[in-house]
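After this come two complexes, each holding chain A, first together with chain B and then together with chain C.
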Partner chain A sequence: MITKRYLITRSIYAIATTFVAIVINFLLPRLTPGNPAVTALATTYHYLPPGKLKLLESQFGLTNAPLYVQFETYFWNLLHGNLGFSFHYYPETVTQVIAQHLPWTLFLLGTATLISSFLGVVIGRITGWMSGTKGETTLSSIFIALTSLPYFWFAIILQLVLAVDLVINGFRFFPINGSYSVFVTPGVNLPFIISALRHSLLPLISIVVTAFPGFALTMRNTMVNLNKEDYITMAKAKGLRESHIVKKYAARNAVLPVSTHIVLAFGYIVAGAFFVEIVFGYQGIGYVLYEAVTSQDFPLTDGIFLVITLTVIIANFAADLLYAYLDPRVQLR
Partner chain B sequence: MIGNYQNETEIKKKGGLVGSENLLVSLFRNKKSRAGLIVFVIFAFIGIVGPFLAPYSASYTGGANFQPPTNAHLLGTDYIGHDVLSWFLVGTGVSLYVGLTVALISVAIGSIVGLASGYYGGIVDSALMRVVDILLILPGFPLLVILSAYLPPTNTTTILILAILSWPFMSRVIRSQVLTLKERPFIKAAVLSGMSGSKIIFKEIFKHVMPLIAINTVYLMVAAIVAQAGLAFFGLGDLNSVNWGTSLYWAQTEDAVIYNAWWWIVPPGISIAVLGIAANLFGSGLTEVSGEKAGEI
Partner chain C sequence: MNDLLSIRGLETVFDTKRGTVKALRSLDLDIHKGETLALVGESGSGKSTLGLSIMRLIESPGRIAEGSIILHATEDVDVTSLKGGKLRRFRWKKVAMVFQSAMNVLNPVMRIEDQFIDALEAHDIDKSEISGRIDHYLKLAGLGPKVRRLYPHELSGGMRQRVNIALALSCEPDLLIADEPTTALDVVVQKEILKSLNTLKKQLGLTIIFITHDISVAASVADRMAIFYAGRIVEIGPKEEVINRPRHPYSKALLSSIITLNTKRGQDLISLKGNPPDLITPIEGCSFHNRCPSARPECLKYKPVESLVSSDHYVECLYPIGE
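Entry: the complex of A and B
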């Protein structure tokens, strides 16, 4: 049961955060030293073509009107999904570019989050129950080491070892980069799907291997703490089978804190996916953000920031509700 | 915002506390925290004397391109013949400097906010915690990217942006610790004896949150080093600066992987991982010594 009060407070937070993100997005191009239109042009031209400058300024919404009038126009455009034109992908609009590349990232993110949370819960359940044994201590140390690895560095190493070096009899197991082979035509056809899946394997592995150990450690710690609870002792005293206690008594309660961890870590997984996309030249939103940033494509950078921020805020909001539904106690805090 | 996530209930649990004066001694007695401290000292040493030990200058480009490790170049060379070892020795100091400065600034902000919020409560608390809540919901990395894209690309900018975004989580941790401390008899006695609020905070409460502050400093430092490396990898920040992040950025953009130049890629990543492990060891040692739980990265 979700109380009205809880629903309202969580909604207020989500809306307030969205508003803050929009305001940051609005103010940054206007408050930073120098004119972003001039900066953007300076990367391609040695002089400032006045016509282009005017055009860019109007695209940024940089007029001499008072700030609140500018905000009104900006907000109106935003509500209509109008984020301006991308410089880098001109004549495509920012909305078009994002719409093209977002599905790739959502696929990568969704699959990686699912696999790593599943692995985290399952492996953490096992290590939590055998805590204190030699095998468990070694495994936990390895997990701590894995969580300390920077995402992108691990991705580069995987690319080096599994894609570049792993060639047996002229057969390369994993493609080095890209999101699908140049020999297939994008669309709903089998060769394309297989090629896309094959290209997404290494990016997926990179995210999963660096993300799941953190979940496994949280699951382990919660299991260890739960082991001291009275109802576990009671279950043991009743003579219930060990596997039954783990599955039906301990693990069920341990999943809740782990799910909070997964939600909190979502922002990190997003960042991780971005890096992995850059390393593997995978054409998701992170790769586009990289291109936008390096080519000073400010409208595209702004647009991606907004879309990603909104996605994370919505995901957090949904998770808050789901969590409150699963564990009504959180609503009392 | 960067750094650790841990449910607060776990942080609230506490055992015996030690005073800050013998904290260092007991940290050195504990095996885990000693190992962590030793790693930090080694890196600090490399960071300080590294530039003097470097066999070549960072701007030296006399080596052959993509040359594997040899006696002349112990860690090989990169795409235009820089000596990788020299770059590493010079870069360590810069990376550590960025990490440490970010950690110190954000720990200062986080401690002040946490202490004030927890001790004074009321409107101060609600106002500060609303700001913290919003900063915690905003996804950190996209915010880092967009701020760095608009602001001038210098290491100082990177430090300031990271510091401003890093403190919210730890302020929460400190606040909840202060809330439990406030219920303890010795604080109540201090209040009754007429001590001023600021005096109670700095004389009584501060030494009890010291272990938490220490753990957070270490975690935030490592997190900041990773974040700076990440930003550099995105082509943001000062790319002319020699540090672990820019090394990896150039390795990526100049196709080190295709040339199989592992000697160029491995050192910065391993260093970050070792620092991360050291931070975790230090953290769990400190937890054992002080009974404070501050969470893993």
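Entry: the complex of A and C
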């Protein structure tokens, strides 16, 4: 049950967190020593041409003004979507670079999170209900092994086995890297969509396979513990059908701790997605961040950090709403 | 034929690593139509196990090893042999239960009315009738229709137990098992709930098995009283008889362990020494001999059999008090 009051307080929390994140994101690079304009000029000149330094400084937005004035400018620019120029992708702006690559990551992250939550809840529900049987113990052991695999390692193995080695009669089932084939034109057309989906398969599988078993285990454990709850005994006493008890009594209550687990794991999924993008050369934010860091593209790394923070804040906000919807007791706390 | 339920030779056991615990030892019991029978005994005496056995809610590692529970409905059914859909339809429709843990038996994420609806639908109550029934039984249990849209956490303990009573009555069962329904509640609420149960019983002509460890509670609701000890009924009879003229030493000890307004100054409260016997090892002789104040050497050797001591008053003792 989502009331107006709950919505407002949660929104205020989210906005306050965002503001703190922006302040930190503004302060951190300014605490680091050095002058980016000097660094940039030093790569081409052996001395500092004063005119050029001034020009570059103004273009980068570097001044000696007090911090609060700088913050005002920064914040104003941010509101207008102006995060400055990227060094690596110059003359593209940071906003442009992010706007180009973010959809790929959002697609990968969103689909991976949805699929792994769904699989976790559904499979956990089944293993929870048949817990103690041989099939269940085997499955749960496999799940424990799978959750312990690092995303990127699993991604490399998948890439080697399914993309590099799996070639039958000259036909390669999965592309080795990239996010779409060079032979299609990006846009809303069938060949592009098919190619993009095909390229996203292995990255998706690497995230899903390493993420969902953890959710399934949480779901299973909760279901097993819930079996001892009095309301389950009561449901049996009421003469309800077993399928109804599993669905509306056991699984419905087990979903609550599982959703907490999924939200907490979201940060790991983001990090995992970045590694996976790098492994597969998938042109999402993670891949760009890797390039930005290796080429010391400070404005771009800053911008990406901000986007990551915002994504996690938004996800948490959504989780708060979801939780209130799932558990009627939440708002009283 | 005015018995509703006949239990014969019932043995409910629990398989543990140490061995098989016999929670009920070849128990016989008849429940008369329209009566309130109170099962009284200390923890572990088997009274709750009996309630759960009748509902067939004994789960692994527990099982009903032997005996029969015959329900005299339109035709006689042995409850112990029910399976699948038949068992499902038997529960709540024939025998319903009010549990001790009022706070935890309702599903926290379902509205009260939905917890009625799924039970009513599971027993094929006509859809048009459902809403009226919910209001009716909530009212009988002393609650308004407002409760329907609430969640369990929005109700107090007493209100929840009233909901549970309304829920238990909603399918109009022949028998209601109340397993310590007031133990988790404070004394004031306890009294109110007992009062409602008594009124409901008169109004609906219910048959109730009332499980409690509190003799004063049993005294206020029961027609007949059965005293449980170590998985057997050691004494059973009309309430007044059992309370005023207990014939089993254990009943007497249990009765004199409570203080009433009539307890005289200086009067000793009997407190029993020792523990009930271990139900894993077979019991020789009388199960109570090691704690019995009036035990004789024969009590160690011979199993007492049930004997009629006065009208409808049975006791299982070699030397009942007063003989």
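By definition in this document, the second predicted complex is superposed on the first by the 291 of 333 C-alpha atoms of A that agree within 3 Å, B and C clash if a C-alpha of one lies under 4 Å from a C-alpha of the other, contacts with A are read in each partner's own complex, and residues count from 1 in each chain.
As a working rule, contacts are C-beta pairs under 8 Å (C-beta built on N, C-alpha and C of every residue); 3 or more make two chains touch, one makes a residue touch a chain.
Keep in mind that this is a model prediction, so the values were computed, not measured.
Of the two partner chains placed around the shared chain by superposition, neither chain B nor chain C is touched by A:Glu277. When the shared chain is aligned, chain B comes close enough to touch A:Leu28, but chain C does not. Of the two partner chains placed by superposition, only chain C is touched by A:Glu229; chain B is not.
Ranked by how many residues of chain A each touches, chain B and chain C are led by B. In the superposition on chain A, A:Pro257 makes contact with chain B only, while chain C stays out of contact range. Shared contact residues of chain A, touching chain B in one structure and chain C in the other, are absent. The touching residues of chain A, counted against chain B in their complex, run 13-14, 16-17, 20-21, 24-25, 28-29, 32-33, 36, 144-145, 147-154, 156-157, 159-160, 164-165, 176, 214, 217, 221, 257, 260-261, 264-265, 267-268, 270-271, 274-275, 278-279, 289-290, 293-294, 296, 298, 301-302, 304-305, 308-309, 312-313, 316. In the complex of the two chains, the chain A residues touching chain C come out as 229-231, 233-241, 244, 248-249, 252-253, 256, 326-329, 332. Residue ranges of chain C in contact with chain A, taken from their complex: 55, 57, 88-93, 96-97, 99, 101, 104-110, 118-119, 122-123, 151, 153, 167. On the side of chain B, the complex with chain A involves touching residues 5, 7, 10, 133-134, 137-143, 145-147, 149-152, 222, 226, 229-230, 233-236, 248, 251-252, 256-258, 260, 262, 265-266, 268-269, 272-277, 279-280, 296-297.
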